[in-house]
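For reference, the structures are reproduced in the following blocks.
Both of the next two complexes hold subunit A, though its partner changes from subunit B to subunit C.
After this line comes the complex of A and B, so read on.
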């Protein structure tokens, strides 16, 4: 008998304020197991705070937090960290240690340290074992942080802006390790402002702003469903005539209209084709377009 | 099968899994790969394209459902014959391309009659070109 597996992460009504600032303001979120989950949002949206709450590194003012089927407050911090790997931009590593020493130090800290995998990662990244951590380039520090986060083969990887300082080739190598872990059934949460990186690799994305989640979407569904239609009718028509099923927005531009469409594209095109027109054309939207649409919508609400 | 056969464009308005299934179907129908040829593992293809393993798995699942590939537990995924005979496959592939072209033309607001005319024109031109040299050879 198999039960539906608990999600990797389940967050309900999460809130955290720092003084007057509501850093996290009522977040509900579920991250299924075995997926790559992108957390998007501008700086100050509350992404890092949410992730730190998730890891038990901060305590929430309100709300529930479950990681790998168990409430976070029922884990001891060391137990939680045995099962979760965390990479954060600018996270302090022990700068005075040499790379090899730091690896050895972590190997003794974790029960499930995988020496074989770690030496494979170190080979891939060509990290100099005898160099002091503080003398590494920013990119090498990011690579080392990932090796340390993966060494104990955690079930959940939490990557907070992890690819800072990486050139495109290093970024690809970095992602390849994350992809391998997910292919093995593990879960990765990737917070990033590099939208095209997330777009390529993520299964789901959440868009966060001002401490709230604005939307959670499957990236493949965005590709399939999110379109913009440019329509220039031959005769004057009212924008209200264009508010058809699937149309989420109508914007006038000169003599024409730009429709935002989220579903039912084929049916919409058939109806528009029946109206005499000069231009009827479909434009694909990518994650960046959709992201800025969400940002814009939020901006205009009072 | 080499991973180099595959490429994806994440910004395209087509799901990545659909880009992959399209490419694999095209490889099978064109004869570039043969039944029994191995496909890269989900892990290999996901890493080499830097996409989610779930996306590759979904593509393989759809292809298997439609008879294009066969998963052998513990061994991997292999090219299968595809739905129906070779002839059917080839016309199916052409049909899909034609359908895509027609949809694109309709989406740009082209009249159906105009689309038909264009198809006819292209056909006449190409058939004419093919017939040209052979006729000359026949009548020296």
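After this line comes the complex of A and C, so read on.
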């Protein structure tokens, strides 16, 4: 992954309220260029609001937004949107148009519309040009939305729950195309509930809850560093004795403990091995486990 | 300020409203021209007396007076007001309602250009409908044996279009403020009805949009009131500007 001079997205102190509800509450975030960035969070976490703010569909109450090195405002948006592709959560396409008409309509709005690439995507997804959009299945609509988002060769692709309604095969084809495009030097932000899908494709993930970013981690680092250690000592010890460097959580289970570990595993294992014990084992975590860990921690935060 | 790429979409979305509006108006214009002789004979045969008889005889004694009173003075402004509401109410609210506004606003077109294109496409459609139907009415007059100098009759198109754009502006404003085109249409209809209130009183009659659309001053004096046309155009422009200002700041 090569680091470009300015990140694809830079967000500082972003806030947005809807009445009494803080939809986005002081978000700071940087999305490096050339990666797939997963945005995770439960419903109402503020993911869609953040993405809409990024695209100028909503206006922030506070904070700064930069996309591809330019501030987001109504003067810069038309040019920025020439360089950004967006697949919205609801796939709100013009249902009365035929697929070919909708593509033609989009092509007229972009300076760099790539007819060849669009033909290739249409073949890949087997989308019928003469079918009305409203007659397409939900999955085909999602595929068409991706084709429309990619047709102008965007530098940044913003995908808000793009695979909802897709069967596993369609989802795989869809994400393979996203991976292929990012490998070609683009950046993608992928908001999704489907954690294993994000884990498969994303380089970095941010976890959102209640309008705030709880953590930003590299998926590779999660795979490498995030572990659980099951430890059953021979003698009674206090959980506080186990709050060692790298340990992010200690949970008692019967006579033993489960430690959540996010770094310094080797050092921790050496220290634990020095304590007389019956069981000392390491369990690998996936993104879903880590996500629920974050959700659990946040839940217990007053 | 206009996106040519968007014009195609806007025309495609509103074309049937304009086509149906034009066909209804054109049919009415042809009917008015064709019915004249029949009505004149009918009124002559009826045993009418008093004020009603005098009014009907006065109107039917002169074809130009009859046609103006029934075209610009009645049917055209009433029907185009309804058409203006139908076209204007969906301009923004329909996109907001069916969820396509977000798609549209993430295309690389400034919001000002989106609004201007939408507004002007609708306005041009209305203007063409009014002008086209009036031309058909004028042609039908000649075809039924009542030729009128084109300029003398078709000058009424100018205040009719200006007034139609005021009603359209009201509907567009309601459409921009509401996310539901039915509500926008209902609000626009109420406001359009309120605009008729000034015509009920002698002192305020000159400020009535509908009164000025009929250009009755031209009918009685042969002079078109350009100040009235300018007033209507200014009101239409002001409404469009306010709606555009709101649209540019709208969240989707």
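Annotations for the structure displayed:
By our rule, the second predicted complex is superposed on the first by the 294 of 302 C-alpha atoms of A that agree within 3 Å, B and C clash if a C-alpha of one lies under 4 Å from a C-alpha of the other, contacts with A are read in each partner's own complex, and residues count from 1 in each chain.
Criterion: a residue touches a chain if its C-beta (ideal position, glycine included) is under 8 Å from a C-beta of that chain, and two chains touch if they have at least 3 such contacts.
Worth saying up front: this structure is predicted, and the values here are computed from it rather than measured.
In the superposition on chain A, A:64 makes contact with neither subunit B nor subunit C. Applying the stated contact rule after C-alpha superposition, one finds that A:106 touches subunit C and leaves subunit B untouched. Touch criterion met: A:281 reaches subunit B, while subunit C stays clear of it.
Once the two complexes are overlaid on the shared chain, A:55 sits against subunit C while remaining clear of subunit B. Of the two partner chains, neither subunit B nor subunit C is touched by A:6.
Of the two partner chains, subunit C is the only one touched by A:86; subunit B is not.
By the touch criterion defined above, A:262 reaches neither subunit B nor subunit C.
When both complexes are aligned on chain A by C-alpha atoms, no subunit A residue touches subunit B in the first and subunit C in the second.
Only residues 34-36, 172, 175-176, 179-180, 182-184, 196, 199-203, 220-221, 223-224, 226-227, 269, 273, 277, 279-282, 284-287 of subunit A touch subunit B when the two sit together in their complex.
The touching residues of subunit A, counted against subunit C in their complex, run 52, 55-59, 74, 77-82, 84, 86, 88, 90, 92-97, 105-106, 108-111.
Remark: subunit C residues 3-6, 8-9, 12-13, 98-103, 105-111, 113, 248-249, 251-252 touch subunit A in the complex. Those residues of subunit B whose C-beta lies close enough to touch subunit A in the complex are 10-18, 42-43, 46-47, 50-55, 58, 106-109.
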